[in-house]
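Next, two complexes with chain A in common: one pairs it with chain B, the other with chain C.
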Partner chain A sequence: MTTQQIDLSEWTFWLPIAFTISGIGLFILSRFWTRAWFATFTLTIAGVTALTVASPFVGWWLPAQGSSFSGEVDNLFLLIMFLTGLFFLLTEGLILFVLWNHAPKPGTAPPHIHGDHRLELIWTVVPGILLALIAVIQMPTWARMKGLGNESWLSARYESGGDKADLLLTVQGRQWEWRVRYRDPSAPPLARPLEWATHPEATDLHAVNEVHAYPGAKVRLLLRTQDVIHSFFVPELRLKQDMLPGRTVPTWFIPTVPAGTSNETRWEIACAELCGGNHYRMRGHLVIHPDKASFETWYSTAAREQSRRSRPPETGPLARKTN
Partner chain B sequence: MGIIGKDLMPQTHINVTWFPAALLMALATLSGCGRVEWNDDLEYPDRTSSIVVLDKPPDQAPPGFPLPGRPAVVPEWLTARGVTLLNPASMSEKPWSDNWKNALHEELISHFATPGKPRLGAPDAPALTVLANELGLTESKLAEGARLYRRLCVQCHGMSGDGVGASSAWLSPAPRDLRTGDFKFISTAEHKLPSGFQPLKARPRHEDLVRSLRSGLEGTSMPSFALLGDESLEAIAAYVLHLSIRGELEFTVMNGALRQDRETLQLVTKSPEQEELIRYKRLLSTTLEWEDPEADVDDFVAKQSSPSIKAYAEKYIDRVLREYIAANKNPLPVPAYPYPENQPVPATSLTAGHTLFKAQCVNCHADYGRQSDLRFDIWGSVVRPANLTQSQYKGGRRPVDLYYRIARGIPPCAMPKANLGDTDPGRAGWDLVNFLQALPHPDQLPSDVRDQVYGPSRIKLGANP
Partner chain C sequence: MSAPVSHHTDDHAPSGFLSRYVFSKDHKVIGIQFFFSSILFLLLGGALALLVRLQVGYPEQALGLLTYCFPFLQSRIPAEWGGRMSPEFYTMLFTMHASVMIFFVIIPWLTGAFGNFLIPLMIGARDMAFPTLNMLSYWFMWPAFICICASFFVDGGASGVGWTAYPTLSSAATANGDWASPAARHAGAGHVLWLISLMFVGVSSLMGSINYITTVIHCRAPGMSLWRMPLTVWALLITAILQSVALPPLTVALIMQLLDKTAGTTFFLPPGGVGFGNWTTGPGGGQPLLWQHLFWFYSHPAVYIMILPAMGMVSDIMVAFCRKPLFGYKPMVFSMAAIAGLGFIVWGHHMFQSGMDPRLGTGFMLATIMIALPSAIKTFNWLATIWGGDIVFSSAMLNALAFVSMFIIGGLSGIFMAATPVDVVFHDTYFIVAHIHYVLFLSSLFGIYAATYYWYPKMFGRCMSENLGQLHFALTFILANCTFYPMHILGIGGHPRRYYDPTLYEFLLPFQSLNRFMTVSAVLLGLVQILFIVNVFGSLFWGKKASRNPWNSNGLEWDTPSPPPHGNFDVTPLVLRGPYEYAVTGPSSDHLTQTQTEGQQS
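Right, the complex of A and B next:
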């Protein structure tokens, strides 16, 4: 079998060592300098805050917005980020104050404090109200994303109304790939689209690891898995949905901008649920064609290839030699 | 310093020294995961797994036998059914020299080198390198293929292509053992040879290998690698051929040596009929582009028979490479589709296909594959003929893929090619393809056929009693 070699030029090798050595150093330092912990925490909090504030300006922020609801999701994210950031700075400030003000003084016994009911009441009720607020604020977005909102083409139980979707496809996860099946867009609509997920039709188009759509298309996805739990995640769509064994899980999105027509603009379909040894390799591409016409060109080309009744063009060294 | 204050100072903590040290050691074990190439000093392991000899294969495995798709690993069970298992470790006979095993090892190293620096053809056998390059097995491509294989394939297919990588024990069907040179899904036309001669092995074409990599094998654990791009897929295909040819040479030599059968170790069996031999020689000369077709027959046989492993290995690799090149130039002809394209398939075609299916295919695909009997493939694995009502096709779902399977068969699984008759084999082939494509979809079948396949009066053709 193969042996792992330690590569000393890899920074990942030195990172935990550097981390541990600085930890030991801190222990030793704190024996001689009573403000060592205050200094460490100040540096950490200042660093984290500076990184967070600088992130949007150096491109370490959210990926591009690609679906009809990605803006809403981002607004929720920013709201929660603001609230938690505020309280992070507040509580960390208190910690710094305590570290500075109550650093051990040799020869002096520190005071013993046994709780404060009023204080505890405040720091329980205030976050409780905030959490309830967040829960209420996110409800319309959640309902819309789950198809419980007022979208006419998505009925409450996904059972009917399948005729309103522009594209109907099943994505079947398995260790470790996405198997995609499209329903022919020109076929008559289905009364019960959920059943189609397990009953393929002869005109279906089969593909692997590639989902195609176009801006404005109402894409209805029926997610299934062949083995373990996977999760269909496209960061740009702000769409993440688990696929559970034995169940058909419906979800949807409406792409807003073209993407994936070149390597630079490629959007990744990543599995967001640890699903086994090669989980990291379970990835696909989402291609949003510039318009409906180019999507249809792709679709008919792929469908023609799938119904190929003649020898495919040659590949390989011998074929290239004759070119 | 008071007693209470002393308690608060960290200098009295006894863990200070050993805890970070333990943490350091634990973290250090997580490091060093960056390298993904083979080590330079790594060699391919010699074959240790048994060689399965199916001279007279048992045509059926009884119901209840271990999982279909897995190797039949119970030796007593196999030998009781006429299967011979040859264990490379039990080899004591010495057909060539005292040290035949080492000699074989030396030859494998010199022709195929190591996983870190793979090549095909020893430096002192430039003719092999020329052939390998013609097949696209250049050293740079093999190196790239080995790198990708190390990253993506070795978990299942193993370092030497033995099909017993780390995760193979949990997979059904088991990953392919590449070391016999057999491939299932091929689109190569058959070479017809006179009887009495070793037939040419069914070699895959380059595009067959790339197709399997690009689309994966639906219904197995083999995923699609399409996102790597065609260049990478070709490099992997080249490296797979490298592994396969290496394994095949090892397999053949061990097989012959273990059976103490010098005939096996000759590339051409000598036939009493000189006429036949001349025809055979001519055929090989043209299809495999062997040199000096005019040389006399005895000389030809002598040349292809081998006194030493060294000479044999060179000849064998030469022959295998020529067979692969010939396969690439010899695609299975695909007859033109006899019905109008882009139109619904005529019911007569489906009925004709159904009749053909009932006449031949049900012998193995009992009840349209829903009640198939278990069988053996040449690797000694238990296999189940496909359930054709499921719309799941390992070798690809394009009509042309189904046509290849029908017209060429799946040689390693003893799936014969269909007998399409003499009058209009092209039409018969496409009738069968059309029927197979409609079979999983009851609404596509004519009503009488649908009744026979799915109806209450369903005839359980060829089913187990």
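Right, the complex of A and C next:
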């Protein structure tokens, strides 16, 4: 509780003040030492670089990897990080060099140069090729994440004999909860799964704010919303998809957990598109059962419970904060 | 190429106080009017930002003393939150922070203040092509000022649906004719005023941009060919073209949303309607996604509207303070034109996760990543410009150097979001917030500060205090990095934007200490800006008197008295060369102004 209020002794409070004081110090220094400005820029650039490099070691980094494509996305991220990092160090290094070296040798004037075609050609072509490469290398992953490949279980219409999703479910957003509906996994495949999103069947299982799945399951999500735009975001899955009023937006994931996980894994579902005052409270959970068998146990229990009550559950209470 | 001789655009000499300072048609007075209103709105936008940071950093902290200092806050905070701001109030804060900063600070300051003040002076014109239109472009800001300020006080408060105002959160309306929104408390009358206000800003900018284009094309002094124009003028010309093409779709979109909100149309309501609780709208005839296309078709070019003028001004400031010609003048112009051109086909990168066809995403990614190329070319040209220069560490130069070094960060972080798979992680997280602030605060605003220190002597005839300016720079540079850089780290961790209380989420708890660090830095950063305000207003009275050319620069604007009289130039200048002849053996110094003949004393 106390950490959520102002605590004067924490580093988060005194460090910015220390930086302010050193800024005043550097300014005073600059009155009689021109390279104080070199120092100001160097310390700042070094500071942000150090924070970036140190962050993974103190737990300020990407969430755990939890889907079939999360590793791939992270690698693309790291590739861009590496290339932009090189460019960052190069250009900032040049600026710092100029600041250090701030005047031509005594007795000489700055060169009178208006440009250099060869140099300009180099710094146009090299970044151009690198950038094009960055763009092209993203494309296969993007196509796969968005289901543009030729996997039959992701097509809008199952081919006969085609592969079918292990779990088909709709998640409908509304202010401020996620309403989940599963299609009975034992039911026959649908010719047009997207239509099922708006045409519920009696055997569907309903739930609120919880999505259950198991490792390796091919989960097909049909996203809908009742009121405003929401966005289904599970950081560990590297999955984020807006829900659009009036449309069914399909997406998918295959959850993965570290080998040997014997308990349920619970990840948080967050809303990533402003959806009103309680946007921040639109919290759900993705529950990954340790294996298919335990998922099926959970599913049949829940389905039995639902048929006993013979009606879908009422609106669940908002996920209230527990202190 | 010979430029047309400037015609008489200054035959509107002021005859009294009102026509001299209020309803003035003099481009310099209009520029200064924009300048001061932007500063006032900077204070408002900054205060809103600090309240946002206070909430994110310390979600359970009661506002306490603040509510006593500002009774306005007290009346807006419902009692059930125990002195804390409510989540709805919080949505209003970040919405209005963004709206004020974008539409009332950065754009008017860059294009309104500097555009107006500098274009005629730098091209040797006696005034703008259409002085009356120019006056109107400022006075059309006033309905916008009034609407946006009034919106804080109407029922429901100012708009709280994000500055992007996505339907159906923003556009859903009840059938009974009042403006209260079924979707959000802050989407009622305040949001209607927001829409009207932005429409006026748009009309104002449109008038300005038409005027700028005409002036640059038509009113250049003899000898001022296009390829002798300073980069500032090129940047403002390209920006004006961007504005004149991008603003009409935004205005149309705003009108459509206003009609949805008030007249029962359904441009952004899907055929099935939407439902809130037990209440359902009627069937609609449109699509919520349409708004996003229209909005970003303006608002992505708007990002370049907010950076290109700063790029141009920083280039001109840098050469003056490293006493070297600009490196690669034409590549600089062409890359600005390329940014502007490509800027029109990249809007979809804001919509990768919106439900738009993912195949479109691939094309938008390619265009977006390639737009980094002209930015990279510009960066290398700036580096080559300062390379080997004789650097004068003035306030203006320091801010310009900060512009370049921070634009590198803002530009590079853009590549992450342009890459579609990586954007899945970063979309709508703090990574985006970091990126936009590196571009708009640490680049545009530093560019604005640099330009203010540089042209202030020309605007007011007095110099700003260098001591105060450099202290302000050192602290702003350090604290702005403390405030905004850690946002990248938050974004990598998946921290969503616009969360009232991130501590609700387990995966965000490790990041909360960084949030507190940023909040404390932000408050200090806010306080440091007082130095700038004091400098701007204090120097009006106590600043050192400025000569015609205090920085030994080459541009035509330095050929006039400080401040220039009505009509700007005693005699129409005859331009002999481009503005970047530094490091030459001039008659009395190391540079040749645009009008000096080789043997003439400066």
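Keep in mind that, in the parts below, the second predicted complex is superposed on the first by the 221 of 323 C-alpha atoms of A that agree within 3 Å, B and C clash if a C-alpha of one lies under 4 Å from a C-alpha of the other, contacts with A are read in each partner's own complex, and residues count from 1 in each chain.
Keep this in mind: contacts are C-beta pairs under 8 Å (C-beta built on N, C-alpha and C of every residue); 3 or more make two chains touch, one makes a residue touch a chain.
Bear in mind the structure is a predicted one, so any value in this text is a computation, not a measurement.
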{"item": "Contacts of A:I45 with chain B and chain C, given as first, second, both or neither", "value": "second"}
{"item": "First (chain B), second (chain C), both or neither touched by A:V249", "value": "second"}
{"item": "Which of chain B and chain C A:E10 touches, first, second, both or neither", "value": "both"}
{"item": "A:F27 touches, of chain B and chain C: first, second, both or neither?", "value": "both"}
{"item": "First (chain B), second (chain C), both or neither touched by A:Q175", "value": "both"}
{"item": "Which superposed partner A:S307 touches (first chain B, second chain C, both, neither)", "value": "first"}
{"item": "Partner chain in contact with A:L190 - chain B first, chain C second, else both or neither", "value": "neither"}
{"item": "Touched partner set for A:R283, first chain B, second chain C, both or neither", "value": "both"}
{"item": "Partner contacting more residues of chain A (chain B vs chain C)", "value": "C"}
{"item": "Which of chain B and chain C A:P110 touches, first, second, both or neither", "value": "both"}
{"item": "Doubly contacted residues of chain A, that is, touched by chain B and again by chain C", "value": "1, 3-7, 10, 12-13, 16-17, 19-20, 23-24, 27, 30, 104, 109-110, 174-175, 277-278, 281, 283, 319"}
{"item": "Interfacial residue positions of chain B with respect to chain A in the complex", "value": "1-2, 4-5, 8-11, 16, 20, 23-24, 27-28, 30-35, 38-39, 42, 134-136, 150, 152, 154-155, 159, 167, 187, 206-207, 210, 215-216, 218, 221, 223-224, 226-227, 230, 234, 237, 325, 328-329, 331, 334, 336-337, 341, 391, 397-400, 403, 430, 433, 437-438, 440-441, 444"}
{"item": "Parts of chain A lying in touch with chain C, wherever the complex brings them together", "value": "1, 3-7, 10-13, 15-17, 19-20, 22-24, 26-27, 30, 34, 37, 40-41, 43-45, 47-48, 51-52, 55, 59-63, 69, 72-73, 76-77, 80-81, 84, 87-88, 91-92, 94-95, 98-99, 102-104, 109-116, 119-120, 123-124, 127-128, 131-132, 134-135, 138-139, 141-143, 145-148, 174-175, 225-229, 231, 233, 235, 238-247, 249, 267-268, 270-281, 283, 319, 321"}
{"item": "Touching residues (chain side chain A, partner chain B) in the complex", "value": "1-7, 10, 12-13, 16-17, 19-21, 23-24, 27, 30-31, 104-110, 174-177, 179, 200-202, 206, 208-210, 277-278, 281, 283-285, 305-312, 314-319"}
